[in-house]
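Order of writing sets the labels: A, B and C. Residues in every chain begin at 1.
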Amino acid sequence: MSDFFSAFFDDLPQLRSGLWVTLQATVLGALLALLLSFVLGLMSVSRLLVLRGVSRVVVEFFRGTSLYIQLFWLHYAMPPLTGYELTPLLCGVVAFGLNYGAYGSEVVRGAVNSVPRAQYEAAVALNMTPLRRMRKVILPQAWVQMIPSFTNLLIQLLKCTPLLWLISAADLMTVIQQLRDRTGETLTAYMTLLVTYFVLAYALTLLMNLLERSAKRRLGLQTGAGSLLRGRSAAEAVASTAGGAR
Amino acid sequence: MNGFDWSAARDALPLVLEGFEVTLLATVLGTLVAAVLGLAIAIAGRAPSRFVTVPVRVVMEFIRSTPLLVQLVGAAALFTFVEPLTIGIVVLGIHYSTYTSEVYRAGIDGVPKGQWEACRALSLSPRRTWQAVILPQAVRNVLPALGNYAISMFKETPFLAVITVQEMVFEARKYGADHFAYTEAFTLAGLVFLVASYPTSLLMRKLEKRLGH
Amino acid sequence: MATEPLPLQKTAAAAAVDIAPVPATSQTGRPLVRFDNVVKRYGDHVVLDGLDFSVRRGENVTLIGPSGSGKTTILRLLMTLEKVSDGVIWVDGDPLSHTRAPDGSLRPATEKHLRKARKKIGMVFQQFNLFPHMKVLQNITEAPVSVLGMGRDEAETRARELLDLVGLSGKTDAHPSQLSGGQQQRVAIARALAMQPEILLLDEVTSALDPELVAGVLELLSDIARNTDITMLCVTHEMNFARDVSETVLMFDAGRVIESGSPEKIFTDPAHERTREFLTAVL
């Protein structure tokens, strides 16, 4: 075991850059997913059949074909087919963004639909334009409901980042694998990796809970400090029974 | 740069479908493990002693918050004497049982308190209480959720290729490498996923509506 | 929370705040609101069955009748929350439910037309429908700023005047969830008035309130009715309010007006058997 950790500390710069790649893929992928969630989600609640149809097809396509395939397709199949080649990290960001954007759009759609119709009617009675109704009345209320589901998706996305290893993106998993190969300490190496991911997942959950709390406070809802520390388990079960948000 | 080679796709199809059988097998058995283990965990989570419930919760939270791929690769590296497919099924099952146990838990929580009290009033044994009263009511509502997790698992079976299980993506990748036809092979595999998972998810949505979720 | 009497000095303020400037020519001529053979169906269910009635400018009208008789639907049609199945609604001589094509024929209304037509109309809902994510002041200023293009300072000054009028001057920075039902409904009334409507629709505005809060809200509405030129259409189960505030009472049954007249006439000497039955049941 001491072999592994002495190698571990010798390789700190590589580990740091591996962690950086993993974090970049997570954060950039999540931002792309967030953007797509709103674009596709708002299209799916549009009055125009064309927009709803396009959104439906795109969402079902990226949900239905496995993330793993999407990543490999971008990495292996796209260059010969189109002549364009993305860096491994960019492949990851695009694949994570597309896949989780499709799931996220269902979150946006559900949250927008869950805002009581009375709110929409009040906005009509005040003669707001459709755009303003959405921006000023519906979305601010829907946003609070989206955050717990987005937290789940963010953790799922984080958990998919070791896939980067398969397309040689020099992420955290790649670096730890190299350490394992050099030291032969299989159990320690993988436990270290798992614990690192666990800590990352918890840090992200905490951040998202903070975000949720500030959003709730803006709605004038009271929240206790306990809500910050609670895990995701309860919310996850709800999300799954509510139609497989995953 | 070359276009999409239809004849390569036709060539790859039998291999990909052969791999698909393994994919399906892994999904079905993995779901079975997750369904049974999840139930056991949910019941253990209701144990009267904290020495049971707290460790169960911590382990579940850990497995749920860490990547399936790392768990798979780690298990395969540690248990080299076990067949990769078996490892794949067990790890998939354990990973997903941390989700399904939450589904069961919600189902069990949904059984009215009066049902527990009625069992106590009739002096039913704990075993009979679970078997005859609580579970039949709890499990009915969890079917759609289990189905949705089965679909999720199906779409994560390609991870098994990493530990050399010869499922669909493994075959596709092999064909792609041998014939330099990644485009055709992966496109084909993706389409098989879409064709298989979309109707199933529609079915689950219908089931959900019927059960009144 | 105890009762919320409307402070008496605020009654005088109601006269001072100029809520809806009314053109000088308004008292004569065409009706402000006219329903012309309006039909509203939901599938096979006919809610309004060839409805005809009109309202003069400045007239306060109360719609009464058994539940399910289509009263609320009338307000929702006027607010353009629903579309007519047949017939035409006219407001101030212009079609509300339709757009007039260049050749003079009537076409189903476009969003652009509706936006223009809604300017004259405001509505207060049974469940208040305040925006929970905005503080009280912003609930009132949001639409004047974003829809009427009013400056933020001007909108806030007016909002404070209106909050003063409804007796809530201390609550500008409260969230709706921190207010009682009666207070929320007062804010909703202020929010509707801030848009300077010529027509104010009141949809069972006291039905969701605790009994002890009803009187204060009704008193406020009576003040507004007396001291402004706003035309009010109220759906209510408060017969005293109907008697005190309105000039005209319309009795509905099964999607039609079966009787109309002054409150004294309807409440003391109804002509129709159904009206008599209804009044016996509710009074």
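As a convention for this text, contacts are C-beta pairs under 8 Å (C-beta built on N, C-alpha and C of every residue); 3 or more make two chains touch, one makes a residue touch a chain.
What you see is a predicted model, and the numbers here were worked out from it, not measured in a lab.
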### Message
So, comparing each chain's Cα centre against the centre of all protein Cα atoms, which one is closest?
### Response
A
### Query
Farthest from chain A in C-alpha centre terms, which chain would that be?
C
#### Entry: Geometric centre distance via CA averages, chain B-chain A, whole Å
20
### Cα-centroid distance, chain A relative to chain C, in whole angstrom
46
### Message
Taking the mean of the CA coordinates per chain, how far is chain B from chain C in Å?
### Response
56
### List of chain B residues in touch with chain A within their complex
1-4, 60-62, 64-71, 73-74, 77-78, 99, 102-103, 105-106, 141-142, 144-145, 148-149, 151-152, 155-159, 162, 169, 173, 176, 180, 182-183, 186-187, 189-191, 193-194, 197-198, 201, 204-205, 208, 213
### Summary
Residue set of chain C touching chain A in the complex reads 79-81, 111, 115, 118-119, 121-123, 125, 127, 129-133, 135, 142-143, 146-147, 175-178, 191-192, 195
### Task
Over in the complex, which chain A residues touch chain B? Could you list them?
60-61, 63-70, 72-73, 76-78, 80-83, 155, 158-163, 165-166, 173, 180, 186-187, 190-191, 193-194, 197-198, 201-202, 231, 233-234, 236-238, 240-244, 246
### Query
Tell me, which parts of chain A touch chain C in their complex?
118-119, 121-122, 124-130, 132, 136-137, 140-141, 218-221
